[in-house]
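As written, the chains take the letters A, B, C, D and E, and residue 1 is the first residue of each chain.
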Amino acid sequence: MAKYIISRLLQSLFVLFGLSLLIFFIARVMPGDPARVALGSLATHEQVQNFREEMHLDKPFPVQYYFWLRSLLRGDLGKSLYTRRPVTTDLKAYIPATLELILISFIMSLVIGQVTGVLAGYFRNSWFDGLSRLISYIGVATPAFAVAIFFLLFFTYTLNLAPAVGRLSLAAVPPPRITGFFILDSVIAGKFGTALEGLKHIFLPAASLAVANIAQEGRITRTSIAENLQKDYVIAHTVYGIPRWSILFKYLLRPSLIPTVSVMGLAFAYQLSNAFLVELVFMWPGFSRYAVTVMLNKDLNAIVAVVLVIGVAFFLVNVIVDIVVSFLDPRIRLQRTGG
Amino acid sequence: MSEEILTVENLKKYFVTKQGTVRAVDKVSFSVKQGETCGLVGESGSGKTTIAHTLVGIYEPTEGRALFKGQNISKVFNQRPKALKKEIRIVFQDPGSSLNPRRSIKQILELPLKVHRICNDSDRVERVMELLRMVELPPEDYMYKSPQVIGGGEKQMVAIARALAPNPSFLVLDEPTSALDVSVQAKIINLLMQLQQNLNLTYLFITHDLSLMRNITNRVVIMYLGKISEVAPTVEFFQNPFHPYTKMLLSSIPTVSDEEENFKPKEVISRGEIASPVNVPSGCSFHLRCPQKMEICSRADPTVVEVEADHLVRCHLFSDGRKPT
Amino acid sequence: MTPLLEIKNLQVRFKIYEGELKVLNGVDMVIGEGEKVGLVGETGCGKTTTVKSVLRVLPTPPARISGGEILYRGKDILKMKPAQIRSLRKGEMSAIFQDPLAALNPVFTVGHQLYDVIKYSSASRGRKRLSKKEIRARSIAVLKETGMPDSERILSNYPIQLSGGMRQRVCISEALSASARLLMADEPTTNLDVTIQAQILRQLSELVAKKKSSILLISHSLGVVRNLTERVYIMYAGNMVEVARTKDLFADPLHPYTKALLKSVPKLTGEGISRGIRGRIPNYLNPPAGCRFHPRCDHMMPICEKERPAFFTGGDSDNHKVACFLCRR
Amino acid sequence: MVKKRRYLGLILVVLIIGLCSLVGVAVENVAVINGMPVILPDPGVAMDWYDTQVAYNLYSPLIYPTPEGTLRPHIALDWQPVDGKLDYWRFTLRSGVKFHDGGELTAEDVVFSMDRLMAMGKGYSGTLGKVTASAVSKYVVDLTLEKPNAVFPETLTLFWPLNKDLVLEHIQPGDYGEFGDYGEAWLAEHDAGSGPYTMVSHSPGDRLEAVRFEDYFLGWESWGPDEVPVERLIFIMEYQTATLMLLLRSGQLDLEANGGFSRGTFKEIVKAEGIHLNKVWPEDWTVWINTTVPPTDDVHFRKAIQYAYDYQSVQAEYAPFGAREAGIIASSLPGYIAIPPQPRRQNLEKAREELALSKYDPEEVTVVYHYCAGLEAEEEVGLQLQADLAKLGIKLEIAGPPWPQYSAECGAPDTTPNLTIFLFPATYPSPDFYLYYMYHPDNVGGIYAAHWYADEEIGELIDRSRSTVDFEARVDIYRSLQEKIASQVLAFYPYEIPMLFTSQDYLIGPKETFPTVGPSVNMHNWRINLKLKQELRG
Amino acid sequence: MKKELLVAALSRSRASFSKGWYKFSRNPLSVLGLIILFSVILTAIFAPYISPYPEHAGAFTNFRESGLPPSLTHFFGTDSVGRDIFSRVIFGYRFSLVLAVVVLSLAMPSGIILGLIAGYYRRRWIEIVIMRITDIFLAVPPLVLALAITVMLSPNLFNQMMAISLMWWPWYCRLVYSLTTSLRHEYFVREAELTGASKAHILLREILPNCVAPVLTKMTLDAGFVITVGASLSFIGLGVQPPRPGLGTMVADGAKRLPAEWWMAVFPALAIVIVILSFNLVGDGLRDMFAVEEV
């Protein structure tokens, strides 16, 4: 397993290197002047020129890339042209908000998706199955921003049930930063009111983010449950007198979880990219909104950092998924250890 | 008898995998004579299919060589001359996978004709129909069918027709009937025998079914874990098997008549399992299962000796070239 | 001999795009208490469907049991409630399947699966619950019974770590751990090498003899069935065509299909091989009327096209029955 | 086991929610203000509208602008050109101005801040020009310029002195020798000012919080019975109209000072209860015509565009909110003239005539119009022009790149589209702002002069205005400048409209004027009527 | 004789078609999807004839009729400059479909060919080069990279298409790659190699046809996905430029008017849902159709 992770790590290092090169390359080839963007409209030509020199923007592409790589080895991702502070500071400030959001929506989608999937798979062709399939079709087909807007319109504007903006009310004092997760931090600090606020605020964005995944996961679970129900070993277990519930929740669930877990890496990717839109709609001060802002601002260093962070996150999630899958599936585990 | 058309000399094929080196074929030598049917018999993991695949050029031998009509053919397919590809053809074991489900039977049969420029465009359809008739499939019914919609036996017939398309002289038949029912197998075997006579073909027939061998081959080569156990003319072999393994094999065969039952050797009863080709036991690879195991068997690998004319065996019991008493 | 299982005129159909496949076309079969019965037929003749019907594990839809009765000790399985069927499965009926790899759950260890099988089948008897230790000991014991080497280590292995022969031994242990009264073995050795096949069959027959179970051995191989059974059914295209004591059948096959089949088998004695049976098995969508074998039969008579032959007694024994008009006296 | 864990989680969640509901959240006297993204509140670096959004709250400018376009004393009580040549100015400072750390603001701080601004060359240093500062006494500062500049005091509304001692305490290694980085890094997240509020936290581009500074040198007025001072300011940044409206309606947002709403929303605000529109100073919509790229390099073609546009159509839509005909400078400023030809109406006849005179065939050219993504008012003008030009057979391509890109495009003549639309309020209260920044040949290009037309004569006139001491004479020059510029058709001006900010009725200012000043808001002495707030928002 | 053969061939293909249709139509939702999809495509093609106010899709303003709620004259109401939203949605479909078609027709062939080559030449340098580059593109969700690239190019439909296409080929490359690596061990590929058929024949005639079913299914599902990504980019403001109606842009514009003038956002959003839904339903139907049936 360790060997496998190391080889994955090397592979991902190469991929991240290529990714940064790709972004750098495109950013250099494309028209547009990041210095001008960064300094705004009143800047004099001299100021722009100075700024270019300061950020090495006047150097040829390989030199720029060299400087960037060199500072990366020191753990420095450069300075954001937009916020004018180290990109790492920005990332530290914004990542927890998105993580919290994705985590909550992940839990939502896992619980709801699994339960509906298992039930629909087991009661195949029942009304429940039909209904959940129809809803999941619609869920998959609705882009995240549309879900967010429908939810806003329904939950906030019509029913006035959930707040629509930010992590807390605008005037509220955020809890002391420990983990960066507001809800958790509030609970740790004993500010239960703030925690409740946080929960209320996170509900809509997390739900909007979860919809597509609930639909997807429900569908996959349903299919694999339905498929595995036909397998010889289910017949064999049945014939050997193992009770139905044990077959369903033990012998069927575990192999059926494998495809669901396997796609979680991809699901995470979708959630992350959907967060780009959901955070915009709900004014969620997170990493994704930051990413969109820096992208729109042609903030080269920050764009590269953002893409790399996503790449790393994606890689980590995939490794975790692989480990979980190999835990669930001895076939893969045995293959990997070469035993 | 006529001259040897194919000679395999000390052929070795190892595969390197994560689990270790697989010694699929380990120093195998045998030869096939013009016009005969040579049977290559062994259980799973014995390396018989690897030999077949090496002969047609899917693998390159790790060591040793194979000569076809005196020409060294120990090369992979893309280094082989076209003429050789035309001469040696193979029929694969799995009829389901050997025909492309997305191509019609006509297209499948046309490919070798086109590649080897057997006939011009106008004659090609004729030739395809002739081939189909040769394997007793009415061309009108089958030409435009997809392999998906025909039965396993028919698929194998098409595969045989395809193999015969460029008029080869040597056919490697890799378990052509193992996936089929006996009644279909009978049909195909009959067809093959007939074609062999009509077209003067030489067969290397690979199978795990000894009873089948008994009925169609001139000579048999028995393999165990990548090595040869015994080589003998068929009649001689069945009447007088030498190697304990071949005896075990024969005694394990389910039979349908008392005559057959009486025919089987009685002294060797099957036990143990075939070792993994990654972990071949030291000495004689069969010694763990052998009822006549001797002390030497676990230490030294026996060599092949000719005990009687044309009857070779690789067993310490026969190390002095004579039958044990 | 009291009949343990009696199948009467079983009819099973499958719905597919083109219509309904009439797969089982009135299957009749009797298995006596402690009897060893063979069922031989070529691919696609309905052997597995028959077994699955008896076990009540046929996927419905697409399958549909459209007629007949399956009597187990006189009670119709087809009319039983789920609870009754469950109790049947615990210790009364069991089965071994063709592909042991598919029949074992790939993500649980052998020990885990065996553990549950033993736990639940032993629980039904009203006996006191076995402890973990006892179950483990029994697991090892049943594995040993099947001739499994190193059975303790095997318990912690996953099915893919085992060879084909070992997997089948595990399946046999599972099937027999409940001391089944009727064991249905559906092509238990098809994917195995001959030497292993011989071992498994030997082991199986010993176990069955020891437990005094009845066995239904299903195979496409006449040889396999001949060596292990007392009575043989020959099945063709969803019908039983011939049944006889094993000895009688192999000595004196009566049905043209049985005859042809027997001739197709290559023999060790080297008598050459017949030309097989012409044609192919019928399409179940529109099976031939009358005797389903008649289009391939060399002895076809006008009546064969019209009427399905009933069992006629043939040969020397009363037990030798043939569904062929040639044997009508 | 899996099931058990799930239940555990569920119980935990229920428990937390239960606990949470027992405790409420305390409400403070907070004003939440939506503005532009504040990134660099450091006045030595701050540049452009959005950076200086909060400046007046954290810092005090040397001189204070009024909405009427005049100046009033602030830190400087008095200023005079010393020798009448407008390149040497003397400033007398107020005494007793306190920084947030308690220290007093003196001439030394002003000199330091000016030196800092000049040395760093960032921020508004370009607007001020080259300035040399020297302290005459504790409260007197002399500022020397390179060139005479009559509007120098006006530009000093963009100069905020910093606390020298505090800055020097926090310098980090940097490019400025003994001054290190001049405290730039530290000042991004702290302030060194003397303004009415003190910064407590800042997340660039997202949120800035400041609390009331009790010792502010102008003092704090006494409050009415239900009125409380704004103890805390929270600047946020949000563009979503619907979200902002929701926040306004729910009383979470107190002041919307971005002004990015569209007509439809204005109508909604007018109808809505508890919030109202505030008309601040006028702004000009300006559509720059790039004179360096075909076909708009032809003056006749430019004229044709000018004639083709239907001025009445969009303007009429905004008339209820104070829209009127626009000129080259804001109509409120001294010297404003209506641009000839008058009246400004669509005249397709004339447009066709001009088109005939131009060297381009309307069928063969495409005109590109860019506006800032998301700004409906800008898109409307484009759509209107598109429809108008279509009548002349000219194809207009419209695109709305996001702001950074949009403004960056104007950095070079060849990347600047034919037409670009901007809304310009005066950053400092003088026609000079419009004329100098938009038409002086030194400043050609960029969003303030995306016409790329450099005319030495215009430049000389502007320079002359800057060195003219007499105010009336200067205004005359402004008038002639406007005529000259109009003749070249460097832009057309769809309409003028006051900047429209939305605020809660319960947010009340000292003289019922809106707290905007320069490119900023100043919340000094603003307060919240709690009773009204309770009534309106519950 | 030949004619008979031809007739036989034809009737076979007709039979397999009707069998395919049966499997497809077994799920009524797939048929529904197909019907919707066809109507959407037809509507998009004949947009100028179907939409009540085709001129509203171009340079048009009518401020007097702005912000009208849905009515019989304007089914979906009008937008903030007085354009008929129904007409604009119909034209919006054009851009969405063009986007899907262009992206897929650029990304698919290149991805397929690279995947075939990489899969066939496994363990050679060419496979390593292709698959490592593919990995780089797959390391980040397509929306993110497409966003970064569209921003750096200037935002318009063309650049959006280019950026999305650039993100999309690796998915096909990887799909075909994995299919090819397994297919190249199939005996029919071996047989063609041993017969001496050319590489082009093996890749294009033997392997490629066997990739058609999964690729086609993925293509249909992807069409919906491409439209989602395109709409998302447009929603951020990087897509179809005005006055041309992009569905995502329309939702973004309409979102400003929530909740009062809800129709401006809701109808374009529903339009997006419907077209993606229909692609997904058809894709699932195709998957059922190509699925191997077990008897």
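As a working rule, contacts are C-beta pairs under 8 Å (C-beta built on N, C-alpha and C of every residue); 3 or more make two chains touch, one makes a residue touch a chain.
Predicted model, so just to flag it, every value in this text is computed and none were measured.
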Set of chains whose contacts include both chain E and chain C: A, B
D-E or A-D - the one linked by more C-beta pairs in contact: A-D
Chain whose mean Cα position lies farthest from chain C: D
Whole-Å separation of chain centres (CA-atom averages), chain D against chain E: 44
Whole-Å separation of chain centres (CA-atom averages), chain B against chain E: 50
Geometric centre distance via CA averages, chain C-chain B, whole Å: 32
Separation of chain A from chain E, taking each centre as the mean of its C-alpha atoms, in whole Å: 24
Per-residue overlap in chain C, given as positions that touch at least 2 other chains: none
Where chain E touches two or more other chains at once, by residue number: 151, 154, 237, 252, 255, 258-259
Contact footprint of chain D on chain E as seen in their complex: 59-61, 63, 66-67, 80-81, 151, 154-156, 237-238, 241-243, 252-253, 255-261
Chain A-touching residues of chain D, taken from the complex the two chains share: 3, 6, 9, 16-17, 19-25, 27-28, 30, 32, 39-40, 47-48, 50-51, 121-122, 124-127, 185, 188, 203-207, 232, 234, 236, 238, 240, 242-243, 246-247, 252-253, 402-405, 407-412, 415, 427, 437, 445-448
Parts of chain A lying in touch with chain E, wherever the complex brings them together: 11-12, 14-16, 18-19, 22-23, 26-27, 30-32, 133-134, 137-138, 140-146, 149-150, 152-153, 157-158, 269-270, 272-274, 276-277, 280-281, 291-292, 295-296, 298, 303, 306-307, 310-311, 314-315
Chain E - residues contacting chain A, complex: 29, 132-133, 135-136, 139-145, 147-149, 151-154, 224, 228, 231-232, 235-237, 248, 251-252, 255, 258-259, 262, 265-266, 269, 272-274, 276-277, 280-281
Touch list for chain A against partner chain C, complex: 230-233, 235-243, 246, 251, 254-255, 258, 328-331, 334, 339
